[in-house]
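Labels run A, B and C following the written order; every chain starts at residue 1.
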Amino acid sequence: MNTAVKELDELVGREYKEGFVTDIEAETLPPGLDESVIRFLSGKKSEPDFILQWRLAAFDRWKAMECPEWAHVHYNPIDFQAISYYSAPKRDEDRPKSLDEIDPKLLETYNKLGIPLEEQKALAGIAVDVVFDSVSVATTFKDKLAEIGVIFCPLSEAMANHPELVREYLGSVVPPSDNFYAGLNSAVFTEGSFVYVPKGVRCPMELSTYFRINALNTGQFERTLIIADEGSYVSYLEGCTAPMRDENQLHAAVVELVALKDAQIKYSTVQNWYPGDEEGRGGIYNFVTKRGACRGDNAKISWTQVETGSAITWKYPSVLLEGNHSTGEFYSVALTNNCQQADTGTKMVHIGEHTSSTIISKGISAGRGQNAYRGLVKVLKSAKQARNYSQCDSLLMGDRCGAHTFPYIEVKNPTATIEHEATTSKIGEDQLFYCRQRGLSEEDAVSMIVNGFCKEVFRELPMEFAVEAQKLLGISLEGAVG
Amino acid sequence: MLKISDLKVTVDGKAILNGLSLDVGPGEVHAIMGPNGSGKSTLANVIAGRDGYEVTSGSVSFMGNDLLSMAPEDRAREGVFLAFQYPVEIPGVANIALLKEGLNAARRHRGEPELDALDFLKLVREKLKLVEMKEEFLSRSVNEGFSGGEKKRNEIFQMAVLEPSLAVLDETDSGLDIDALKTVAGGVNALRSEDRSIILVTHYQRLLDYIVPDKVHVLAQGKIVRSGDKRLALDLEERGYGWIDTAADAATA
Amino acid sequence: MSAMESHAAPYVEAQQAQARELPGAGVAALDRSRSEALEILGERGLPSQRDEDWKYTSIKPITRSRFSPAVSGVDCSEDFIAGSAIENLDAWQLVFADGFHLPHRSKTNGLPEGVQVAGLAEALTRDPGPIVDRLGSAVGKMPHGFAAMNSAFVGDGALVEVAPGVQLEKPIELLFVSGCSGEGFLSLPRNLVILGEGSQCSIIERHISFGAERSLSNSLTEIILDKNATLNYCCAQDQAERTFHVGGLFARLAHSAKLKATTVTVGKAWVRNDARVDLDAEGAHANLDGAYLAFGRCHVDNHTHISHNAPECTSRECYKGVLGDRGHAVFHGRIVVQPNAQKTDSEQSNQNLLLSADAQIDTKPQLEIYADDVKCAHGATVGQMDEAALFYLVSRGVDRETARRMLTQAFAAEILETVTPLALQSYLASHVSGRLSPAVPPGAAA
């Protein structure tokens, strides 16, 4: 196990016992969105004026934008005036009193993932006596990082302490005008992480929002900005394997990555938001914009994602390959069961010379799940000798699910070499029987075969994340066959 | 150990086994021989519980239990092992992962504690020697990219690890060159024991030069038409299968 | 929206002006289907790049000036037809000038009993009943304004009907010559091919230009294959630079019917093809292939859609393109497996060879699968000449230019070699090689 994460886990564990308590100012905005809401949000964090102006400009543009409808997903229109854009954490009396009030299925999942009882309570939104204080964990962590010059802090803090970095890079990869949800996020983002790795520094630990509980209230309009300066390296983990209850149905996050010359960013996600029940009631709409820019020669950005949660997932972690010899990678596992819908993939835009990209996508559809891969490989005229290899495989379980592949390939330079392959097939009866003959139950056999199908992606994940992801896949597929 | 009585099996409505009876005692090695299409593989698959075979009458009892009512994984946990004629490739699933899962499932079934990673590794390393396989086989995906001979050796290796009470080897000799055949046979012989029965399903007598059976049965048109000792196999080699069909026809008439 | 409407408006007006003179006018079902199509054309207008299916193809070159629908009575000289014949091809032939059947130029004598090869207008006038029911049945939902336009004007074209059990030993060639009426005319041929149970035939649909006149050819072919029928169909497109061709191919296959359809685009025209194949009953098989060249400032867009609507159908699709100069090619292949279509087996591939710095390819293979027991695969590649192969040929003494041409031809040959009859295959091969050696225009070599 990675030592950094281990230490973190220990820290997290200790805090429970010691029990820090924080005071939270209770304040909630009524539903609705106008300029005053944005001024309130900005004021709440005492943001510099340029951020407020940026938000307001984004809001202006957003008002003229239309909600996209091209994705292969179906849902009722969202009323953006019915959402409250700022709500303080729930008060104890509004929360469930004990685990008895929680959906037993959720608890079963927690037990299978081996989550401690106290954590289960917190995840389920129960008022726990011990209030977890994330700030002190982060502080301990931050001191270590500060020694080598790495900045890892909430975005609001970065705005106050490092405005020059924020001003230079915020919105430089995903401009507010990029798409409808990115526009909305730019206007109303509440919190998120900021990372800056200085020249030549190899960040010694996986940076992570992987505090199971801490991640709970990061809000529905998260914004992450990661900058890797020349020759640096950073690996960032986002997400949580435990299915979290969340009152916010719409999540519209933005993640921006900037890798300068010779820098490398590895960004891994395990997304397991509440998918809704078997009939498709409830569940999170996860509409995320994630994009990285390789701004210098030999830069590399690698996205790895395991998407098992949410009712609807709509995300395309992308890479702009601007520097010569820069590299983009996208490794994805997306699973849809019951009534889940996923439309996910990537965009690789080849701009510099000798740029290369790799896309490995594994889609698994079960139940009535609809799973679409949508990808764009674009080779601009300037991108001499660009290369792309894409492989998209789909596995089907059950006769009511769907698997769809929509790759777009646009090539304007004749020296490009592009290969795209895709296959779709049913889970192998012969494979299932073979495993069962060796003594595995049908469910274990399915889980094992599916995990094998995803191996190329899992091996890109940091070790302990990969183990959890495998477990998660097994749990998410329960009842899919038989 | 295994008692099959008057077993009748159809596939897609077509009768394949027509009243087959067979009694295999503990520690015995039986060879089942017969021409193509005589029902040899069907018998192996029915014992292991593969879908698509309809048992229309008869019974199969294994150590006193009704085998036919059990799920394939329960049969495996009870100690029934099938060495597949065509071992399937499972991309991304390591050989060792499958075996560990299978072995521990059987141990749980028997109420024994699971083996931890270290003990398990020790066990499989030892068993690898039996079939002269390199340790890298453990981490490779199940049968993926294996040569025909490697696949067959892998089957015997799995048998060695799972230590079944009844092993059915379905055409394990097919497609093997002489060296590989000797290795596989050596592995099987090493696994012979008083409390383990083995059924060798084969088309050729060649395998029986290396694994000497206690009994030989000839299967034709879905039933056993002749039983004897190993000399029967030699007879077959000399005279071919032609006379068997005549015998089967005579038996039916 | 208003811009789109205005592009369609002149055509809507033109249709209204001549609706009463269209063949079979007054037949209620026909009048109705024409006016429904007209309504769609008026409402939806002509496609724009905002439509996902037209993302990479702009129709601006077409809408720059309006085209007038050609009127019957136009002719095409015997010499021209003889001069553009496919060498050594022994076939029955219908000839069309700007979409109108020319009976005096056609050769249909000796057709076996139970086979009808005729002009559609003539058939509609003579006995519309049996035709009207089938007309439009393979199109289904109107894919875009051009198909609606064709359906609103539906009049002349070819009717091929083969009775059950009949097997034709000779192919039927449908030759369409556009630009016969002069500058700025629109032709709207509509072809209906009906093969009865167990029948077999080969059809060549060939499009050429009369001269250098600017013309728009909006052609639509419907194919209806009954049980066990087998159709070998090839569409050869070899039009001139100022010709715009919008082609539709819509096929419906019944139980165990087999279709092989190959579309070869070798001309200099602006081309957009839509092919849709519905596999409606078990055992149906479709082979949908294509080869396209895009040189000069050519634009070639192939949109295909195979829908597996029943279990146990198979489809194979392979499109290959060679792009040079400022050529722009688009491929969009869609395979849909409907919920009940278990045991579907489908493969699709699109391969492109880019020969020049200014060529552009946009390719979009697409699988939509709603059944679980299926085997589907698709692939797309974009690449250049294999340098190792090139070096091999050069090292054997072949000059570089010839070596390049040989390899390019070999690339396209995978598709062309499956085309029958052989006379057509060699015709296409020689046109491909002609296009690949720009210094020597086709025919000039001798």
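In this text, contacts are C-beta pairs under 8 Å (C-beta built on N, C-alpha and C of every residue); 3 or more make two chains touch, one makes a residue touch a chain.
Here the structure is a predicted model, which is why all the values come from computation and not from measurement.
The central chain here, found by comparing per-chain C-alpha centres with the mean of all protein C-alpha atoms, is A.
The greater number of contacting C-beta pairs, out of the two interfaces A-C and A-B, is seen for A-C. Once the centre of each chain is set as its mean CA position, subunit B and subunit C turn out to be 57 Å apart.
Per-chain Cα centroids separate subunit A from subunit C by 45 Å.
With centres set at the average Cα position, the gap from subunit A to subunit B is 48 Å.
On the subunit A side of its complex with subunit B, the touching residues are 428-431, 433-442, 444-445, 448-449, 451-456. Within the complex, the subunit B residues that touch subunit A are 48-51, 71-73, 75-77, 81-82, 84, 87-88, 90-93, 97-99, 101-103, 105-106, 109, 141-142, 158, 162.
Only residues 52, 56, 323, 339, 342, 352, 354-357, 359-384 of subunit C touch subunit A when the two sit together in their complex. Those residues of subunit A whose C-beta lies close enough to touch subunit C in the complex are 70, 381, 394, 396-426.
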